[in-house]
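To start, I am sharing the structure in question, which I have written as structure tokens.
Labels run A, B, C, D, E, F and G following the written order; every chain starts at residue 1.
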Amino acid sequence: MEEIREVEANNSGWTFEQAMRRLEEIVRQLESGDLPLDASIRAYEESMRLVKFCREQLDKAEFQLEKLGQELGEDSVTP
Amino acid sequence: MEEIREVEANNSGWTFEQAMRRLEEIVRQLESGDLPLDASIRAYEESMRLVKFCREQLDKAEFQLEKLGQELGEDSVTP
Amino acid sequence: MEEIREVEANNSGWTFEQAMRRLEEIVRQLESGDLPLDASIRAYEESMRLVKFCREQLDKAEFQLEKLGQELGEDSVTP
Amino acid sequence: MEEIREVEANNSGWTFEQAMRRLEEIVRQLESGDLPLDASIRAYEESMRLVKFCREQLDKAEFQLEKLGQELGEDSVTP
Amino acid sequence: MEEIREVEANNSGWTFEQAMRRLEEIVRQLESGDLPLDASIRAYEESMRLVKFCREQLDKAEFQLEKLGQELGEDSVTP
Amino acid sequence: MEEIREVEANNSGWTFEQAMRRLEEIVRQLESGDLPLDASIRAYEESMRLVKFCREQLDKAEFQLEKLGQELGEDSVTP
Amino acid sequence: MNALTRAADQTEVVLTVTELNRRIKERLESDPRLVQCRVAGEISNFKHHPSGHMYFTLKDETSRIRAVMFSSRNRRLPFRPEDGMRVIAFGAVGVFERDGQYQLYVEDLEPDGVGALFVRFEQLRRKLADEGLFAQERKRPLPRFPARVGVVTSPTGAVIRDICTTIARRYPLARVVLSPAQVQGPEAAPTIVRALEVLYALDPKVDVIIVGRGGGSLEELWPFNEEMVVRAVARSPVPVVSAVGHETDVTLCDFAADVRAATPTAAAELVCPHQTELRAYVDQASARARNAVLVKVAWGRDRLMEMARRPVLREPARTIAVRRQLIDYLEARVREAQRRPIGVRRRALADLERRLQRVQVGGSIQARRQALMRFEHQVRSLVGRQVHFQSRRLEGVIGKLEALNPLAVLRRGYGVILDEDGGVITSVRALAPGRRIGIRMHDGTVEAEVKSRGGDSGGRGEQLRLDL
């Protein structure tokens, strides 16, 4: 719980990889079924936030790839 | 990461060979799979710049060669 | 690199033999493939100049020979 | 090189034999191909002058012989 | 060379035999081919003079012989 | 040569024997070929004089008998 | 018959001829009167055999004997034996066994009658010879052209006449100086000596002296064997020709003279040349001298011609031509060689240019481009793959999360009671009335207040009344 809080708190300082690891942990916790409902709800809520963060990161990366590719002459790369 | 910054900063002072070596290094790093996503993106960005720099160097060299060939009578070299 | 600069500067003060020796050295360097791109471009440029210089020297020499031959009675030679 | 200069300077003070010896030396040098380009041009020039000088000496000698023959009765020698 | 000059100077004081010996010596020198060009010209000149001198001596001798024969009654000699 | 001069000088004071001997000597010398040309001429001249002298001597010769006085017994003279 | 018988009686042996001759020979040769004897006689049948032996017969008016003188004995005879010559032979009688003849083996022979003189002659000869007076070394050559010929002889004899005739004919240039002497008789010798001395004392001297007289007997010639005469001749300051007697006569004077002449005429011929020979010589001399000079001149001309004809003198231009050729040759070589340095260098330069072309600086650019492209491609694909992978990973997580969504239960109408702190309240026992709680539905949360709580109904849970 403490961890999740923390995560939520400084989400923006995370890396994609940290977020993904947290997500996978949450999935594991959820799958284990050991979590009380409210904890799992909270975990789930956290995972949603993480998913959003990760997706944003990936989008950003994809965008940058494309942008840089165009900038540096994508066309000349594939001859 | 520190290195990459530096590279971007004084790119213009580099030689073609240094740039190529840096590119190779980046490829190796990327291939190792150890880079976090954002680092990869940054590496991608750097490599693109390096590619651009190198390409410019090559273009310049080619141009110079052609120019020299014309200036100093390329035709008379081949007897 | 320093050497090459110097060479270009006082090319005109050179003898044919010095130029040939330098040219040979440059060709060897170029053939070794050890030169960085820009150095090889510069070397190539220098070699072109040296070739030109040498060729001019030879042309000049030939011209002088002909002139001398005429001056000093080329005709009287073949009896 | 110094020698050649010198020779051109006081050519007129030479004897036919000295000139011939010098000529032979130059021919040998030229044939060896060891002379630097400019030196070989100068050597050629000198050799042409020497040839001219020698021929003049011979012409002079021939003239003297003829004169002597007339003066001292060439005809009376052959009975 | 000094020798030759000298000879020319007091040629008239010579005997036929001295002149002949000198002539033979000169011919030997000329035939040896060792004489320098100018020396051989001078030698030739001297030899011409010597030939002339010797011939004159012989003519003179013959003339005197005739004269004496007549003076002292050559006719009565051959009975 | 000195000898010959002397002979010519006092030829007239000579005896027939001296003249004959001298003549023989001269002929021998001349025939030996050892005399120089001019000496030969002089010798010839002398020989002519000697011949003349000898011939005269022979021509003018008249037999003479001289009887020395010694008193002898006339009777015992006839053998 | 009778005699034979008698002989047979007296001697037992019959002799052979040889034995008999031997007996005779032994008998004769053992007689001392026959071994060393002197025989006077006249020579006849004289034969001088080629072997050198002399065979002759000695005879007198009534008798004769054969004689032989072997060459070993006769070689030194001072005279020649002749037929009719009277001699005294000294020798031994011997037998010539082959012919059975006895003969006189002559050991020495001397003319008869002058024996004493002969001995004197011989003794004096030996004495003077021992003194060296006759030595061959003392002989002087005769003057070739005598101006004065001294003659010692009788002023009236044939000798002086012959000499004068001969010299006047042969060589009138010579004056004959006669120094008269007696040439015969006991007074002769001193006059000869004096005559010689007179000649020796003459000034100018005579060039040669002839001493002579005509032929005669040994006694007549004797003055010329006198010691004083011989010595006088020997000390002559000028050559002496001895002409004493005939050819066969020998005197000591002959030995002492420089030359012996057989006759006075011969002596005159010896002492002077013949004037026709002289004239011939003189005539020839000028011709020979002239000829020698001509030969000399001709020889000089030949030699001079030979010199003048030498190629170096006749064709002096040849030395120049040779040098010209040398120069032409050198010039050709110069011309040939002049472009060689350029040619060599052009080739070297072309070689360098070819190598320069092969270097392909441009080609290396292409290679570099490809390397660069490869890097770019790798970077792009690697980064792309990473993004792709992470996307897939995220999608997987999202899928799982959807299945695990805890709020999906609430959708069926369930709610979750939460305490003030959001904790889930699972038992009604925790719900005292009046407690404020939250109820979480699938689509949100409401706040409520517990109003009451039912009793425990057998484990079926308490009834809860909520004031929402």
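To be clear about the criterion, a residue touches a chain if its C-beta (ideal position, glycine included) is under 8 Å from a C-beta of that chain, and two chains touch if they have at least 3 such contacts.
Remember, predicted model here, so these are calculated numbers, not experimental data.
Of all chains, the one whose mean C-alpha position sits at the greatest distance from that of subunit G is A. One finds 68 Å separating the Cα centroids of subunit B and subunit D. In whole angstrom, the spacing between the mean C-alpha positions of subunit A and subunit F is 167. In subunit D, the positions touching at least two other chains are 16, 37, 40, 44, 48, 51, 55, 58, 61, 65, 69, 77. Residue positions 283, 286, 290, 293, 296-297, 300, 308, 313, 316, 320, 323, 331, 338, 341-342, 345, 353, 356, 361, 365, 368, 376, 380, 383, 387, 390 of subunit G each touch two or more of the other chains. Contacting chain pairs (ordered by label): A-B, A-G, B-C, B-G, C-D, C-G, D-E, D-G, E-F, E-G, F-G. On the side of subunit E, the complex with subunit G involves touching residues 16, 20, 23-24, 27, 30-31, 33, 37, 40, 44, 47-48, 51, 54-55, 57-58, 61-62, 65, 69, 72, 74, 77-79.
Considering their complex, residues 36-38, 41, 44-45, 48-49, 51-52, 55 of subunit E touch subunit D.
Residues 143-148, 154-157, 159, 164, 167-168, 171-173, 175-185, 187-188, 191, 194-195, 198-199, 202, 213-214, 216, 220, 275, 278-279, 282-283, 285-286, 288-290, 292-293, 295-297, 299-300 of subunit G are the ones touching subunit F in the complex.
Partner subunit E is touched in their complex by these residues of subunit G: 283, 286-287, 290, 293-294, 296-297, 300-301, 303-304, 307-308, 310, 312-313, 316, 319-320, 323.
Subunit E meets subunit F in the complex at residues 15-17, 57-58, 61, 64-65, 68-69, 71-73, 76-77.
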